[in-house]
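Next, two complexes with subunit A in common: one pairs it with subunit B, the other with subunit C.
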Partner chain A sequence: MSERSRSLLARQVALPLVGVACVLAIWQATLVAYRLPAIVLPSPLAVAKTLVDLVQTSAFWRDVGVSLFEFFAGYAIGVVLGLFVGMLMGEARRFRMAAAPVVESLRFVVPFAWIPLTILWFGTSYVGKILLVAYAVFFVMVVSAARAVAQVEPTLSRVGTMLGMSRWRLAWQVHLRAAAPTLASAARAAAAIGWIAVVAAEYIGASAGLGLMITNAATSLATSVVIGGMIVIGVIGAGVSAVIGALARRWFDYR
Partner chain B sequence: MKVQTETPHPSPLPARGESEHSAVAERNDAQRGELVVERVFHRYISAGREIDVLHDVSFRIEPGHVACVVGPSGCGKSTLLGLAAGLLRPSGGMLRFDGAPVAIGRNPHLGMAFQQPGLFPWMSVRENVAIGLRTRGQTRRDARRIADEFLDTVGLADFRDAYPSQLSGGMAQRVGIARALALRPRLLLLDEPFAAVDAFTRLKLQQEFKALLRLDRPTVLFVTHDVPEAIALGDVIVAMTQRPASVQRIIPVAREDRDRASPAYARKLAETLACLGVTSDIQD
Partner chain C sequence: MATIANSGAATPAVRLSPRVGAWLLGCAGALVALAVWTLLSQLLAHGGGVINRLPTPLAVARKLVAYAGKDLASDLLASLHVFAVGWLVGAASAALIGLVLGRSDRLGRTFLPIVEAIRPVSSIAWVPLAIVWFGFGLTSKVFLVGLAVFLVVIVYAVDGSRRVPADLERTATMLGMNDRQRFVSLVLPGTLSEVLIGSRVALMSGWGTVIVAELVAADSGLGAHLIAVEQSYDVPAIMATMICFAATGFAMNAAFTWAERRMLPWRHDREREAT
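Let's turn to the complex of A and B:
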């Protein structure tokens, strides 16, 4: 192994491990220093054991599956609608003037504020969570799409018109495409917010999912399952965000 | 030279106020390919102030002729091109091509090369040239074939699979020119297409460009601030004044004026420069 690839390996693997190790050390130290019982804070090792047991149960994978399903369904709806409405806002001045007040005020009503209503309207079913994710994702995409489309280099619009593109073809083939790199980063940010929304909604009212698994574990004082579940949420969130980021870059980034 | 400044209502043209229909019906062969700029005004609002860009501009280009627009920087030459392309709406007056008013938006007879080439960065060079042919109804195969032909003509056959970010400024401009020419337009508008290339390449491109024009004989409006270029390429030079710009003079160019070794060329150059006032106004 060359000197260079060894140092690359060191940076890519060793340094992230240092970060994780620090957290684990603080965790373990707190436990020892305050003599906390396992029911309050289990040791990292105990949580690791619980996780190993957990991933061997089908119930765990069902919960993961439900959360991911709710996330992806809501994410797809939110991205498509967000891009569509955002593009309309960027293209059509009248539409923008009509839609802007609604969008601008609603986007500050965080998804969590809707959780009581979604439970009231849709109970603990998938539908409420899917809509909640769609809502969270929609506003990230709408704002970013409207801005990105409006900021496309004006020469490109003139070129498109000169080449004989209709207004909507121009919007679709030139403006949206030119804005794609910006939209790809927005899509990645939206994924993080959407995933947070799903889990939060499950905490409060769900019939399945990671959030429910954790609240159930908490009520039966299975603290290591609570912490294990939190770790799973974090890992899946980072994974989803990385995958969406990589796909978006690969498909849309021409810079 | 047959180009002349325009009166408000030139007799062979249908008078304003007549319906589009009768204008089409009465259009005769003499108007086909003719570009008429008729008492055009253009102003826009910038930071709350109204800016007068074009003030009563009138001229006419004979079918198949090349008119080179020269004038001080920022005098509204590009605005004039935008108006002729139908990308801008004049504040007053009218532009006609083929005897019909220039439509705002799409114009199927039009090809244009911009000052910034405006290539789509997500498309290869070949796709950039082909996309206009596709939107104008060519099949994918034909569009590719024609694009390759024109890329070959501008000397970029080897770069057809490259992306715009991989090209130099001059190469990108050549792609922009190929894209405009590939449409086989009857009205060709060029906004300083050779500005970003070195002097040697520019001379070469100018020669090739003349040869390309012989193919279809489009009517050409060519904006430049390089007076020698205007003499080399133009059948006529439209000299503009400072902003708010109007036509200072229309200077015909004869074949013998283009020989750079001839006294005729020196006279034409001096005449045009004098028209533009101080020679230092002309960049390059």
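Let's turn to the complex of A and C:
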């Protein structure tokens, strides 16, 4: 191994490992120094053991499945509607002017504020969560689609017009593709927001799901399950947005 | 005499100025939205389908006025208190830690991966743990808001501490500045201006965290009120509270954007999207 690649390895791999070791050591030391009971802070080992136990139960996979189902159903609705309305807002100036105040003011009603209302309307069923995710994703997509389409390089539009493209063909084939890289990163950001909306909605009223799992664990003071669940939520969130980001880049981002 | 309404006609007799046109269209859009809402509430008045009940805009407005006359001020103050303390703590610690991790290559490589690993676990996922650790009081909410703000601002702080423009660096060398002078007059201002921008971006995630924290650990504030009216099935009051949340978020965002433009006029055109 050459000198250079060895030092690169040390910097890229060894230092982060040292960091992880530091955090785990501080965690363990806090436990020992303050004699914290496991219900306040379980040891890193206990959390790892709980995670291993957890993935062997079917109830855990059911919770994961429910949360993912709610997420993907809502995400699909939100992205399609958001792109459609956002494109309309970007293409049609009059529509944009008419819709902007409504969209802008609803944007400040964050998804979390809707949770109690969705529970009253739809109970603890899937429907409420799916709509909540759709709502969260919709506004991310609308705002960025409208902005991206409106900012497409004017030369492209002129070339399209010169080639005799109709207005909607121009929108579909030129503007949408020109805006695609922006839309791909918006789709990724929307995934992270939608996933967290699912978890938050499940805290407050759900019959299954990861959010419910960790609030139940918190009320029964099974703190290692709480921390394990948080890790699972984080991993799934990062995984979902990585997958969506990769797919979106493959489909949209031609650069 | 030309009427204002026929702006869609082929040759309008009076051309409206674009601003007035935008205004009128905006008002029309808002009116249409209110009309659709009212119509839906009439249709669903007797429990239509899955939606149990949708109040009319008027009923919501009435509740809003009633709430404003009673507990709104104290609830809002409680929520803003949580938010302000958490936001300040989060932004200050992110600025400090970001500066250290950004300037020291070795510390940055050691600990930034951990920050990056924690970032996808949104502060919302910490709610149950925060309640186990700190109970239902102020501390747990401040912790959550602080965490939410920290996770956003740290990225800006690291970025700002690293990116000293090359020409400024050369100028500093030419002027013979020592390390301390460089830090005080180059690195620190750059970091702080990025932190300021990050703090504005973090406003909405911090405020969203306040909402969730107060919904789950409902002991005071707007979120507690929201849960209370939800449990008494008072849909108009729920919507009125949602409006209060939105209006507060909007006001904070507007105030901060304005302040940022005054303080960092060279930066507001290059702002980035929240991650």
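Methods note: the second predicted complex is superposed on the first by the 232 of 255 C-alpha atoms of A that agree within 3 Å, B and C clash if a C-alpha of one lies under 4 Å from a C-alpha of the other, contacts with A are read in each partner's own complex, and residues count from 1 in each chain.
Simple rule for what comes next: contacts are C-beta pairs under 8 Å (C-beta built on N, C-alpha and C of every residue); 3 or more make two chains touch, one makes a residue touch a chain.
Please read these numbers as outputs of a predicted model, since none were measured by experiment.
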- [ ] After lining both complexes up on subunit A, report clash or fit for subunit B versus subunit C.
- [x] fit
- [ ] Examine A:V142 and indicate which partner it touches, taking first as subunit B and second as subunit C; both and neither are also allowed.
- [x] neither
Task: Contacts of A:I130 with subunit B and subunit C, given as first, second, both or neither - done: neither
Open item on the list: Between subunit B and subunit C, whom does A:A206 touch in the aligned arrangement: first, second, both, or neither?
Closed with: neither
Open item on the list: Which partner chains sit in contact with A:G164 here, subunit B, subunit C, both or neither? Use first/second/both/neither.
Closed with: first
- [ ] Once the structures are superposed on A, label A:E153 by its partner contacts, choosing first (subunit B), second (subunit C), both or neither.
- [x] first
- [ ] Name the chain, either subunit B or subunit C, that contacts more residues of subunit A.
- [x] C
Open item on the list: So in the superposed three-chain picture, is A:A178 touching just subunit B, just subunit C, both, or none of them (first/second/both/neither)?
Closed with: first
Open item on the list: Rounded to whole Å, what minimum CA distance do you find between subunit B and subunit C in the overlaid structures?
Closed with: 11
Open item on the list: So subunit A touches subunit B in one structure and subunit C in the other; where do those two contact lists coincide?
Closed with: none
TODO: Quick one: which bits of subunit A touch subunit C in the complex? Just the residue numbers, please.
DONE: 11-12, 15-16, 18-20, 22-23, 39-41, 94, 97-102, 105-106, 108-117, 119-122, 127, 144, 185, 189, 192, 196, 199-200, 203-204, 214-215, 217-218, 221, 223, 226-227, 230-231, 233-235, 237-238, 241
TODO: Can you check the complex and tell me which residues of subunit C touch subunit A?
DONE: 8, 21-22, 25-30, 32-33, 50-52, 106, 109-111, 113-114, 117-118, 120-122, 124-129, 131-133, 204, 207-208, 211-212, 215-216, 226-227, 229-230, 233, 235, 238-239, 241-243, 245-247, 249-250, 253, 273-275
- [ ] Over in the complex, which subunit A residues touch subunit B? Could you list them?
- [x] 153, 155-156, 158-159, 161-167, 169, 174, 177-178, 180, 254-255
Open item on the list: Which stretch or stretches of subunit B touch subunit A in the complex?
Closed with: 82, 85-87, 105-108, 110-112, 114, 116, 118-122, 131-132, 135-136, 163, 165, 179-180, 183
